[in-house]
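Have a look at this one.
Going by the order they are written in, the chains are A, B, C and D; count residues from 1 in each one.
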Amino acid sequence: MSVPERLLSQLAHVELLTPRPDESLWFFTEVLGLEESGREGQSVFLRGWGETFHHSLQLTEGPEPALGHVGWRSAGPEALERAVESLEAVGYRGGWTEAAIGHGPAYRFTAPGGQVEEIFWEVERVKATGELAPLFPHRPQRFRPRGAAVRQLDHVTLTTGDILADAAFRRDVLGFRFTGWTAAPDDPELCVFAQCTTNEQAHDLGLGPEMTERTGRVHHFAYWLDQRTDVLRAADVLLDYGIELEYGPGQHGMGEITYFYVREPGGARVELNSGGYRNYEPDLKTVKWQPVQGSNDWYRTMGFKDSMYEAFPPAEPKSSVKPDLFNAAK
Amino acid sequence: MSVPERLLSQLAHVELLTPRPDESLWFFTEVLGLEESGREGQSVFLRGWGETFHHSLQLTEGPEPALGHVGWRSAGPEALERAVESLEAVGYRGGWTEAAIGHGPAYRFTAPGGQVEEIFWEVERVKATGELAPLFPHRPQRFRPRGAAVRQLDHVTLTTGDILADAAFRRDVLGFRFTGWTAAPDDPELCVFAQCTTNEQAHDLGLGPEMTERTGRVHHFAYWLDQRTDVLRAADVLLDYGIELEYGPGQHGMGEITYFYVREPGGARVELNSGGYRNYEPDLKTVKWQPVQGSNDWYRTMGFKDSMYEAFPPAEPKSSVKPDLFNAAK
Amino acid sequence: MSVPERLLSQLAHVELLTPRPDESLWFFTEVLGLEESGREGQSVFLRGWGETFHHSLQLTEGPEPALGHVGWRSAGPEALERAVESLEAVGYRGGWTEAAIGHGPAYRFTAPGGQVEEIFWEVERVKATGELAPLFPHRPQRFRPRGAAVRQLDHVTLTTGDILADAAFRRDVLGFRFTGWTAAPDDPELCVFAQCTTNEQAHDLGLGPEMTERTGRVHHFAYWLDQRTDVLRAADVLLDYGIELEYGPGQHGMGEITYFYVREPGGARVELNSGGYRNYEPDLKTVKWQPVQGSNDWYRTMGFKDSMYEAFPPAEPKSSVKPDLFNAAK
Amino acid sequence: MSVPERLLSQLAHVELLTPRPDESLWFFTEVLGLEESGREGQSVFLRGWGETFHHSLQLTEGPEPALGHVGWRSAGPEALERAVESLEAVGYRGGWTEAAIGHGPAYRFTAPGGQVEEIFWEVERVKATGELAPLFPHRPQRFRPRGAAVRQLDHVTLTTGDILADAAFRRDVLGFRFTGWTAAPDDPELCVFAQCTTNEQAHDLGLGPEMTERTGRVHHFAYWLDQRTDVLRAADVLLDYGIELEYGPGQHGMGEITYFYVREPGGARVELNSGGYRNYEPDLKTVKWQPVQGSNDWYRTMGFKDSMYEAFPPAEPKSSVKPDLFNAAK
């Protein structure tokens, strides 16, 4: 078996549109603890205290909560070229953007689910000085215990029309590992969720069902904390800020991650997570899960929640019947 | 066997003198996360976010780092009377103070080690309002993730001339449980440290050796965090504030507590801790430890540290030879 | 305000009847990690590795899963006498049993909810020898990492006809602290759950609704682990033994404890828990909770579960309508 | 800047020689919790419960505690060929071995430090059946809570004559990321320790000083546990087996990992660890540490330990003076 070349090194940033930019900025800086790296136009650039790149979140004023774009870093300068060749070889026609805030020239294309994504190699790195200068020489800045104090961007989950096809595209064209998918409870061939990864964990890219006429949507993106206990502490921090949690804390079977979900003030869903396994097999076999095996709820004691089917920008479901796609609890 | 009446319900507060009141206040509020409850004269009154009483720390300007006094709450109004009777029956001649900030009338006396201690029953309780109003009805206020965010006062450790005699006084006169003591490495009859408690843990009162001509000294006092992992997080918080740790993090055998020690800006030693066992036996047998059994260092891999023999106010040791009292590591 | 005398020092043991004694014994020893202390007749006596008394669980063969009895240790020899006087003064007519396995003479009475309870002072303590001899001098035995390796009995939750009256009985007659209760979502005067305690935590005695014609029932009893993370590890241990969890892991608002529930092979419900706050106020004000404040579910994201209304021995509910008593999630 | 091709995907196994094979086997299976995968000749093959390959430890009877060999898995079948070309291009003359237990043909060569290392691509995977069959479909087997229950092999640390040259070889010839090194306290150009990695953490290969006439030695190898708290639990497990810890628990600055070290019965050093950061930059800049920055001891409170300079097989140091290479505590 030949192993596909690893073309991407990591999820680098997400751009989020918010109709309430001030409240969203408060949420990401004061409550989650991100640092501001800069501003331009209607955008504020943010990063976690443990992140070396200029930003992992671009927060941009917009008419509704929505994804602006997703940024991936290639595995090297040549890998960037080969990723573009690989995309164009299967018919993608993207285009290059000039160097932007925080990174060099990027190739932008429209993903199968309609999202704007970009790939670049060159990055601007953080060198904090003054009171943010790091105590430890390998860190980009000091740890500041503000709010939940999230460390770094972890993953983004997008909607897409054909989940298995999108996952195969990620694997075959962009060199992701396609780690696993969940089948619908009543249809073992119907994929309701898939995970792909450029790293050691189960996913930095989730793919969920579209369920509406709108495309190009985001279900959530996640920030990482060091230890599972930090997620529980973060939940306490948010609760005591008077912020309602949407779902969790709990543990997903796929990826073994500890999580909870919350809506930021603009309306979009954010996850905080930790834990997860470390797997280094380039030829990892894609695992098929049944919900009853704990794909969503490791402990198999908790139902899914209707609100969790929503993605952004908001849209009416195609059918009035919401399929109970993920439930495993009796 | 008759069981002594439980006369005290808890360690209520400690008064610390500091020659650098502004820096000490910054340390206790910004770094440890205490809330300010009030001010009077040269004193600022502070409490942890989880504490129901008006204050657990009275921070008072003074010429050198030293103990002002220790405050105990009695087990009830009658228990306060009986504690006074019990003290006076063995010759203690203290006196009553008027109701003070945060509590009612108190009986003040000089402990065997020379410290001023007081016992009272009536307390003023915190009822936080506004943005500090608690989310949960049993809590005195919101949890605020500021700095190390310590929850509550845990214990105080004093020096005393005759450790075993002082511990027996606590047990026989004041109804403490005398949970354990450590013998010197080379003299199994010489007590170098003892623990007494009014609660379920091994100690809220530690007793260590005097070693100098000065009496009435404090070795350290400790604030509690919920989980052992919180102590490690707190250490990170302090490090990244540029504050040097003195000793730890580690785990003591006596009490099974996770700890680290640090000097506050005024010079006194503060411990942050968590963990510890829960024991409810009124007739618990006092346990004698050898250092090699891990009395100080549960893991028996780490030496003690010379600076840890110092207590406050500072004083020259009687002898130039510092006995290596607690070492268990080879 | 006068403070009631503390008559009881702790919950000492629970007797559980099981129709499947071999499987139940396997569950408690291999899966939960209890040690066997002895056998007599149809009973096996078990204890956690951190427990100093002879046993905390008496497992007895019986026709259905049910409570045998609950054992409390008094706060001293005189406190035992006064507890009996206090009970008899309000009309209880119990009786003394001879010294039994693990403890001295006990006064047995029928609690308001119909359960058999007993109070005693004298206890037999564990002194493990051989390979179970403790490494640390304060421990009754070695820590053995078998299964979930629970440390000690934590609490028992009983059903009762009038919850507030039963809680008042515990407080006024037996000296418990009555820490809090939950009102029904639609009736702020109807108590659906109450907590009483002899220790620093919110409860070692829970009181829930009867809901059937049968009395004297137990809802669950709980074993304690040191840290919250240990509860999550224990859940993993049980899952990988092929044992289905009933509810959780999660965190209760009342008591701030991390928990999960599981049915032992005989059918009864067992909880494993950790965390919880430490409060030492003899005059703690009883707190009234609304379910929407997170009384059951700290995070307010999770519904209650129908099966969790069941108690033991099993019985049909009086009404076919199960009231949704504890739900706070929307 | 061009980024070197990633030729290796992970550290796959370590072969350890032991003069006490029965006791060593007991230690690795009962105390650390490894599973036995098979036996051949004087070797027993072992794996952690979370490992997908046939084995991560080959335990072989031998005259003294020593490294047998280190096995690396290539990043793919072509990467194996290119790794061999790359080695031979700089003068290495290794040779191919037939497929062995657990993996396919391997290229064996002698590393700069004298160790035998091998690289292969094909692996045999675990498919546990019966009572070890996994509950979760992505896992190779059930989690069994036996002893410390380590999850997977983490890293190996070797001695070498010229640490910086060896690290450069790993980077330039084999595509490792060279993440950081520590300078001697009194000579900022003298490297006393270096870390290289094929994965997201700071190292799966450590390089330390030779200090004796013997070459080809191992300082330790490490098994991983999921969470930092699991390392503390593992320390308790080992202590209560009567096993003395050598160093720790503590946290290293380089890699941010929680660790402790222990000698297995054959005499070699084993580390258990967890934590550590996740970094995905192919062009990560190598970080130079000073001991006072916490390279060894994150908290800068603890001295190094003489016994920790020893490596295996044991040998007399060249000089009678042991340099105090790593100490940062005052």
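We take it that a residue touches a chain if its C-beta (ideal position, glycine included) is under 8 Å from a C-beta of that chain, and two chains touch if they have at least 3 such contacts.
Predicted, not measured: the structure shown is a model, and the values here were computed from it.
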{"item": "Most remote chain, CA-based centroid, reference being subunit D", "value": "C"}
{"item": "Chain pair showing more contacts of the two, B-C and B-D", "value": "B-C"}
{"item": "Whole-Å gap separating subunit B and subunit C, where each centre is the average of the chain's CA atoms", "value": "32"}
{"item": "Cα-centroid distance, subunit C relative to subunit D, in whole angstrom", "value": "46"}
{"item": "Centre-to-centre distance between subunit D and subunit B (centres being mean Cα positions), rounded to whole Å", "value": "43"}
{"item": "Residues of subunit A touching at least two other chains", "value": "135, 227-229, 239, 298"}
{"item": "Touching residues (chain side subunit B, partner subunit D) in the complex", "value": "228-229, 232, 235, 239, 244-249, 251, 260, 298-303, 305"}
{"item": "Partner subunit B, residues of subunit C touching it in the complex", "value": "1-3, 6, 9-10, 50, 52, 73, 75-79, 135-138, 152, 179-180, 198-200, 202, 224, 226-229, 253-254, 275, 277-283, 287-289, 293-294, 298"}
{"item": "Complex contacts: residues of subunit A adjacent to subunit B", "value": "135, 142-149, 227, 229-230, 233, 236-237, 239-240, 242"}
